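Listed below are the structures to be examined.
In the two complexes that follow, subunit A is the common piece, with subunit B as its partner first and subunit C second.
Right after this comes the complex of A and B.
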C-alpha cells in the first residue's frame, strides 16, 4: 500500500520535481559559473580575499529558494488532495491514516532532500578544485540552514494546506512565518552551526502538526 | 500521536510568544540610551564628557560639572581636535610643557576597536602572511594563504589551489627551530594593504607560548616572546599604529590587558582590568600623552585613562547604561555574538 501511495505522489509531482531540480541545479550551477568567471576576470586571489576577509560566501542569493520550493511542493502535492475533499478517499485506503499521512509527507521530505543534496553536491564539485577545503566547508555549512528551512517550509505548508478551516489556517500561517523567520536571522556565515541540530529537529518535528490538521479534517471541521 | 502533536504545537506557540512579544514591545517602546562621548584630558587631569539632549543641546563638562564652551573643549583635547586647532591658527607651541608639532600628534594618535561580535564570529582557519619588508613602498596582499596543521604550516597558492611544499617546509622548520608547538591555539593578524606597515602574526602555540611571525623578504622571521608563568594569554590583537611602538594588545584568562612593545618584546601589564573580549566591546583613543579606554558592558560603560608612556592607570569613570523600557525575553541574536541560538536577555 505504501508503494501505491508513493506512486500516487510521484504521478502528482513528477513534473514539478523535475522543475525543482532544474531550478536548484540551474541556480547553483549559475552561481558556480559566475564565480569561475569572476576568478578568470579578477583573479583567484581576489575571490579568496573577498571570501576570507569580507565574509562573502558567493551563494547567498540561494538563501530563500529552498524555502519557496518547499512551500510550492507542498501546494502541488496537497492542493489536489484538498480539492473537492479528495483527501477523504486517500484516508479511506486500507492502511492506517497515520501511516498514509506519514508516507505522503515522507515522500515530500525525501524528494526535497534528494534535490537539496544534488545541489550541495554540485556546489562541492564546482568549488573544491578552485578554493581550499576549509572554504568549501564554510560555504556548505552556511547554506545548510536554508535547506533545513526548505524541509520545514514543506511540512508547515502541508500543515496549512490540510487544515480544513480558514480561521485556523491564518493562525497556522502566522506561526509558520515566525518559525521560518528563525532560519534567516543572520547573514554571518556559519552562525547557525551550533543551533542547527536543534533547529533541524524542531523543523522535522513539525510533521507532527500535520496530523492535527488531518484529525480536524476527519472530524469534519468546516468554516 | 495526537497528544504529542498538541504538546509540540503548544511548546512552539509558547516559544514563539516568548520571542516575538518582547521583540515587538522593544521595537515599539524601547528608546536608545544617549551615552556621552568621553575622552580623558591630560591638561584637565579629568574626563571630559560631551552630552547631547534635545532640551540643552550639546553640553561639555567634566566630572565636577564645570561647563566648557566648544572652543575650550577643542583646546582641552588638543590632540583629538588637532586639525581644527591648526586650521583655526590655535595650535599651541607646547603641550604639557613640551614642544609638539602637528605631525608628532598625527604620528602618535591612534584608534583601536575590538568588537566582541568579531571575536565570536566563526572564521575560516586560513591566514594571510604579508611581506613586511616589501621591495616597493606599498604593502601587497600575498598570493598564498597559510594553514596550520598538527605537523606544521602549509602555504596554499590561491591561483592553483595547491600547496607550496618548499615554502611550507621552510616556515615549518623556522617555527620548529624556535620551539613552536603545532597546531597554534590562536592566530592574530591584520591582513590589509590599507596600513602603513605590517607587523605579521602573533601566535599562541599548542603549549600556550607566544610567538611573533613575520615574512621579511620572503623569509620567515620567528621570535618567541617571554610571558610570565602567571599569565595565561587568551586573546591577541596585532596593532599597526603609526608610531610603531607596539606589536599588539593581549588579554589573559584573568581579563587583564597587556601591551607588547615592538622593540623589546616586553609584555607590559596595562591598568585595564575586567576586559573580556568575548563579552565586551573595547575602544581606545590614544595619543602621545594618554589613552582613553572605553569598555562597553551590557549595563555599564567603563572608561579608563592610561598614561601613554607607562600604560598605568590614571583615572577611571563608570557610566550606567540601563536599557530604557526594555522587556526581557527570548532572543536568538546577541549584539556580542553573531552565533544564532536561543538566549534569555
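Right after this comes the complex of A and C.
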C-alpha cells in the first residue's frame, strides 16, 4: 500500500523533482564555478582572505531557495489532492488515514532531503580541493539552517494547503511566515549551530499540524 | 456485516451556520437494494453523502454502515464501500493503467482487473491517455470501472449523471444495474436526472427542504401517486391539505398530485366546495411524481 502511495506522489511530482534538482544543483554549481573563476583571476589567497576577514560564505544567495522550493513542492503535491476535493479519495483508501497522510509527507521530506543532500555534496566536492577543510565545514554548516527551513516550509505549506477553510488558511499563512522568519534572524555564519538540532526538531514536528488540517477536512469544515 | 440493514441513519440534524439543512432525519437502506435519494438543489443530498462517507460530522444523530458508526469506522471496512464523488472525481494526473495499478494493492483478494479493463475497452482511448485529457463521459466510465473492479458490498454514488450526455448516462446506468443485480450489491445514489433513476432504482427517498417526503419502493410510489385534474369555478382558491400536494389552478382547471386514492381526493374536494364528478386521475412517471410532490419551484 505504501508503494502505491509513493507511486501516486511520484506521478504528481516527478517533473517538478527533476526541476528542483536542476535548480538546486544548477544554482550551487553556478556559484562554485564563479568562485573557481574568481580564484583563477585573482588567486586563491584573495578568496581565502575575503572569506576569513569579511566572513563571506560565497553561497549566501542560496539562502531562501530551499524554502521556496519546499513551498512549491507542497503545492505541486497537494493542490491536485485539493482540486475538487480529490483528497476524499485518498482518505477513503482502506488504509489508516494517519499512515496515508504520513506516507505522503514522508515522500516529500525524503525527496527534498535527497535534493538538498545532492546540493551539499556538490558544494563539498567543489570546495574541498580549493579551500581548507575548516572553511568548507564553515560554509556547509552555515547553509544547513536554510535546508531545514526548506523542509519546514514544505510541511507548513502542506498544512495550509490541506486546510479546508480560507479564513483558517490566512491564519496558518501568518503563523507560517512567523515560524519561517526564525530561520533567517541572523546573517552571521554558523550563528544557528547550537540551536540547529532544536530548530530541526521543531521543523519536523510541524508535520503534526498537517494532521490537524486533515482532521478538519474529515470533519467537513468549510467557509 | 450480515445484518439486513446496510445503512442506518437515525435522527440526523445538520446546519451550515444558522441555515438548518434538516432536522431529525431517519432512514435505512436494506441489503441488496438500489436506493435513490431524490431532492431539489439545496435539500441536502450531498450533505447526506458526505455524512455517510465520513467527511462531515452531523450536528446531531448517527449513521451506521454495516452496523458500524461511520465516524469511527475501522479502515479495512472501507474496502467494502465504493465511493463516487460528485463529478466523477478521480486522480487527474494518472492514466488508465496507472490508476488501476495504484488502486489494486489496496483491495487484495477482491480486485477485479478484468471488470475494469472490459469497461475501458468501450472508451476507445489509449491506455496511456491521462484522465485530465478525457471527456466527462469517459471520466465517468473510469470512475465506474474502478468501483466495479473494487467489487464492494456497498456503492455510494453522488450525482452520478452530472455532466454526462444521454449515451454515457445510459451506459453508466445499464452497467451499474446489471452489476448490482447480478452481485446483490447495495447502492445508495443521488442524481439530478430522474428518468435515469427510474430505470435503475428499487426504492426512493424524496426529500423536500428539511424533511423526507416519501421513502418507499418506486413501484409502490408510482402505483399510489397520481395527478388529479378537474374543472373549478372562477376565483376558486384551493384549501391547503396535507395529502394534496401543490394544487394549482390554471384556466379554470385544478391540478394537484396526491398519494391517496381517487375516492378520498374526491371527498376532500367535495368538502372544499368542488363538484368532483369530472375528477380525473392520471398515472405518473417518477419525474412527474417527484415534481408533483415537491413542486416546480
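In this text, the second predicted complex is superposed on the first by the 223 of 223 C-alpha atoms of A that agree within 3 Å, B and C clash if a C-alpha of one lies under 4 Å from a C-alpha of the other, contacts with A are read in each partner's own complex, and residues count from 1 in each chain.
The rule is simple: contacts are C-beta pairs under 8 Å (C-beta built on N, C-alpha and C of every residue); 3 or more make two chains touch, one makes a residue touch a chain.
In this text, all values refer to a predicted model and were calculated from it rather than measured experimentally.
In the superposition on chain A, A:178 makes contact with subunit B only, while subunit C stays out of contact range.
Look at A:194: by the touch rule set out above, it reaches subunit B but stays clear of subunit C. By the touch criterion stated above, A:170 is placed in contact with neither subunit B nor subunit C.
In the superposition on chain A, A:95 contacts subunit C only, with no contact to subunit B.
In the overlay built on the shared chain, the residue A:53 is in contact with subunit B alone; subunit C does not reach it. Once the two complexes are overlaid on the shared chain, A:18 sits clear of subunit B and of subunit C alike.
In the overlay built on the shared chain, the residue A:218 is in contact with subunit C alone; subunit B does not reach it.
Of the two partners subunit B and subunit C, it is B that touches the larger number of subunit A residues.
Only residues 1, 3-4, 7-8, 11-12, 80, 83-86, 88-89, 91-97, 217-220, 222 of subunit A touch subunit C when the two sit together in their complex.
Subunit A makes touch with subunit B in their complex at residues 43-45, 48-49, 51-53, 55, 98, 129-132, 134-135, 138, 175, 178-179, 182, 185-186, 188-195, 202, 205-206, 208-209, 211-212, 215. Residues 16, 50, 53-57, 75-79, 81, 83, 85, 87, 89-94, 98, 101-103, 105-107 of subunit C are the ones that touch subunit A when the two sit in their complex.
Interface residues of subunit B facing subunit A in the complex, by the touch rule stated above, are 1-2, 4-6, 8-9, 12-13, 16, 19-20, 121-122, 124-126, 128, 141, 143, 145, 147, 156, 158-159, 161, 191-192, 332-333, 338-342.
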